[in-house]
């Protein structure tokens, strides 16, 4: 199991509001043909907060069947209490997850001091049967995991990496510089994928990789080949789409873009909504520009 | 059913990490002897985010048995998805809740535009068998419900009130000024209980009322008797304790103060912690000052 | 000199971008006929940051000539460095200021720790020939002066009061509760003038008092006569205008409203602008509503 | 005049609180021996907000005499009003500044909408006799200049570049991607100097370059030679010192580090303070680590 490369936090398909695992399987058939290194199941972009535990189990099981052994299956248990996080992490391990992405608890923001978060992650790591990755996503949680605390946590043998979605490259650099050698550091924000690679990230867990996996992978391939100018140019073409399907139009925008790119996106659950026609035209334009530019050998 | 007065968002007792409904019943026996007008079950301070649905059901059932018909039983279903909120609201109605306190969904902060929140609340109100109160708590959710949108929602016949925990008295004033006559406006921040009454709130849903219910009720009693100077003086004596059991020491501090005041508090669930001895001494001091001052007729 | 009541932070008139002290004198002639208790000269709303020191001197001198001995003349020196603040405070004292309103330095936000601010105010108070009031305005400075530090500062014999413009009534209550007896506490946010009086403020320094001084004064008069319902009703009618001339349309909106109310407002200096016709209509409407309601004896 | 490379925002020396231009000249003699490409005079780190206009003039004149024609002299006029900014920009031009760094006005935060800022910069650019660079520094101003507005401004022939101190590499990438070809983009945050170069910045205006100019220049030299691993390693060694002399210990820390590195730092003006002995030891340690690592050919 190679912990690096590009993984999408997979979108969860609903048909008339009901979970549709067949559609999920079909998405996997397409994604599996790409050079994606793995998948994050039950992430924020998978609308995990809208799923009952039964639905979560079905998503994990269907994913396990669809993901080949050559690709990583990372699962996000996403609970607030330490005990529940441990219980569900081991439950996902039993269902075949390779490792777990454990988010900072955040409901009681004022109480989530660094030491409280540290103790939470250590307790989960001590009791988890699979390796865990820390998940830092201040834009959803209102909590930021400081580099020096990540460094301390990186010394635990069962804490094997981090997804940092802060978008803060200075912070990512410090995490890389301070943490244990071999600690796998993923960036979780597509508009800074290229600079994250420059400062030493091993890969990206990127919402937009649900839509255009090849283009995301290509940025890292170009980077590895030291074709920096081309990697940067591709990043610049990807960024407008990446921002549209996350910050600007949220999960509804992401799912709409998936439909336009040949995957099944469908509608998000309420209160989220599918964006209107105008946004659809905008997303079509952004996809066309990215695809066109990519097929033009002189572009970038 | 009178929707006004002081209600505590009841604390949930755990013994060795396990839900202990007997302890909850004993707390109710004491609270019921006071002039509290009702109770909020499954609120933030009840650690609802740490409870499984089974545990939530047991808390609601035990509360229903303990709460007399003369007092309001308000329940917080607290879900992110519209469908789940409707389902669990009606489930709590079936178990005997008088009305439901529905929090703003907040996980996907960037997508929670006013119209999205409005549609969510209207959908819940349309399908709920009991009246609903809006719950605005920006310090936990990162989302603020603006007064003009509260005013629009107040026109729905099944949206009967709001708990505003922003602590922003200017905002509370505007909500009161703009919303439908008869809309029940509660403040959710004890340090501004007295000014909230001055601008027209009908009551308070106050964490510190778990600990010192009589003192909280007395502020409103003095206010109703137009003894403003005494009400304000009592508020000033209550404020240091109120801040300690919420902002400063969180749920752990609240539960510790309950133990000191003769209720069962116990430990919060991990990752939250019981504060150390130093905090215990501080809380003892704050309680003693409040109690002493109250028995002294010349105080204030 | 009575340090209480309503004072406007006076607007500074420009004609074709040039300071016009004659217009200022005419405004004073009108304001002086009202029950305003005094004036703040060189405040934020006086566009002090756009004035050269020569212009500041002319504004202070013209104000001194226009303000009768029965009203307080408060001046805001508004400097970042301690030495410059002391120098200009004593300069305004020499020109006849009764007391000085000293803002928290704020440019180097990260360095403005409570002890640094404390030392700054003590140094100014030690060297100032006139009494000083602290000025806390987080929405402009990004700095908040915590109640416990205000309380410490209130013990200095030459620090005689505070203008708190945070709009946070909980904080204002704590300042009042913790600070030295006799310390003059003014609120600087008109939408919370009534609740500020309820918790014990001695008055308000209110931008909207440039436009409708009598209505502002009347809220405090009604409050003193214990006509709370009428005071609150008047506050609710004032709030929409108060928000429009500060938060919503800024200094340009304030000056436009002054023109509509019979004072000289004129244009703000660039980069600020006069709002367009649509805003003018909105402000006219807000003024008409307030005036109409006031002349109707049954209103409120 | 080559607009690229590393420039320090020069520190302003005071002796017993008085401006000491001799000390400044001595600092220039040392800096001039390095490969710094130029200097920013009257920047934030130069304590410009603490200087009278007379003092500013003396600093600019002394700098002009000390800066050779081969290096850029950039001056920060730093005014809130459009007219004053124009006046002082042309004043600095008259004194020999090569170009001006014009900060976003920020005192009236709520009114500083993108169009207002745009009009301000266009007005200054239209009337300035020298080229101007935009200055975006949200941590001091509370205002952020969005990439699409920077792109529009970059089309004005007299707006020749930007210093972006947000530390946000995603934003910097977008500015570079969207703005006019040839627009000179400098990063203003040393901990992200290397990633800024990776995404296409032409240089850095870095506080820590007052202290260790050679090491800052070396990062860019290594980058140009495509020795990316060495550049990144040097960045990682520089970052702890860079954070200490800005975020952590402010101007006082910067000046202390200058003293330790053989320049004249001295004390900042009040209310800022020189840090205590403990900080001095910490800074000594950070400098020693950086220097030691640099002299070791195998390091990095």
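First chain written, first letter: the chains are A, B, C and D, and each begins at residue 1.
As a convention for this text, a residue touches a chain if its C-beta (ideal position, glycine included) is under 8 Å from a C-beta of that chain, and two chains touch if they have at least 3 such contacts.
This one's a predicted model, so the numbers in the text were calculated from it and none came from an experiment.
Any chain that touches chain A and also touches chain C is listed here: B, D. Taking the CA centroid of chain A as reference, the farthest chain centroid is that of C. Separation between the centroids of chain C and chain D, computed from CA atoms only, is 36 Å. Averaging C-alpha coordinates per chain places the centre of chain B 50 Å away from that of chain D.
Chain pairs recorded as touching, per the definition above, are A-B, A-D, B-C, C-D. By the touch criterion stated above, chain C contacts chain B in their complex at residues 167-170, 173-174, 177, 189, 191-192, 194-195, 198-200, 228, 232, 235-236, 239. Chain contact summary for the complex, chain A toward chain B: residues 17, 44, 49-50, 52, 80-84, 105, 107-112, 116-117, 119-120, 123, 139-140, 142, 247, 250-252, 269-273.
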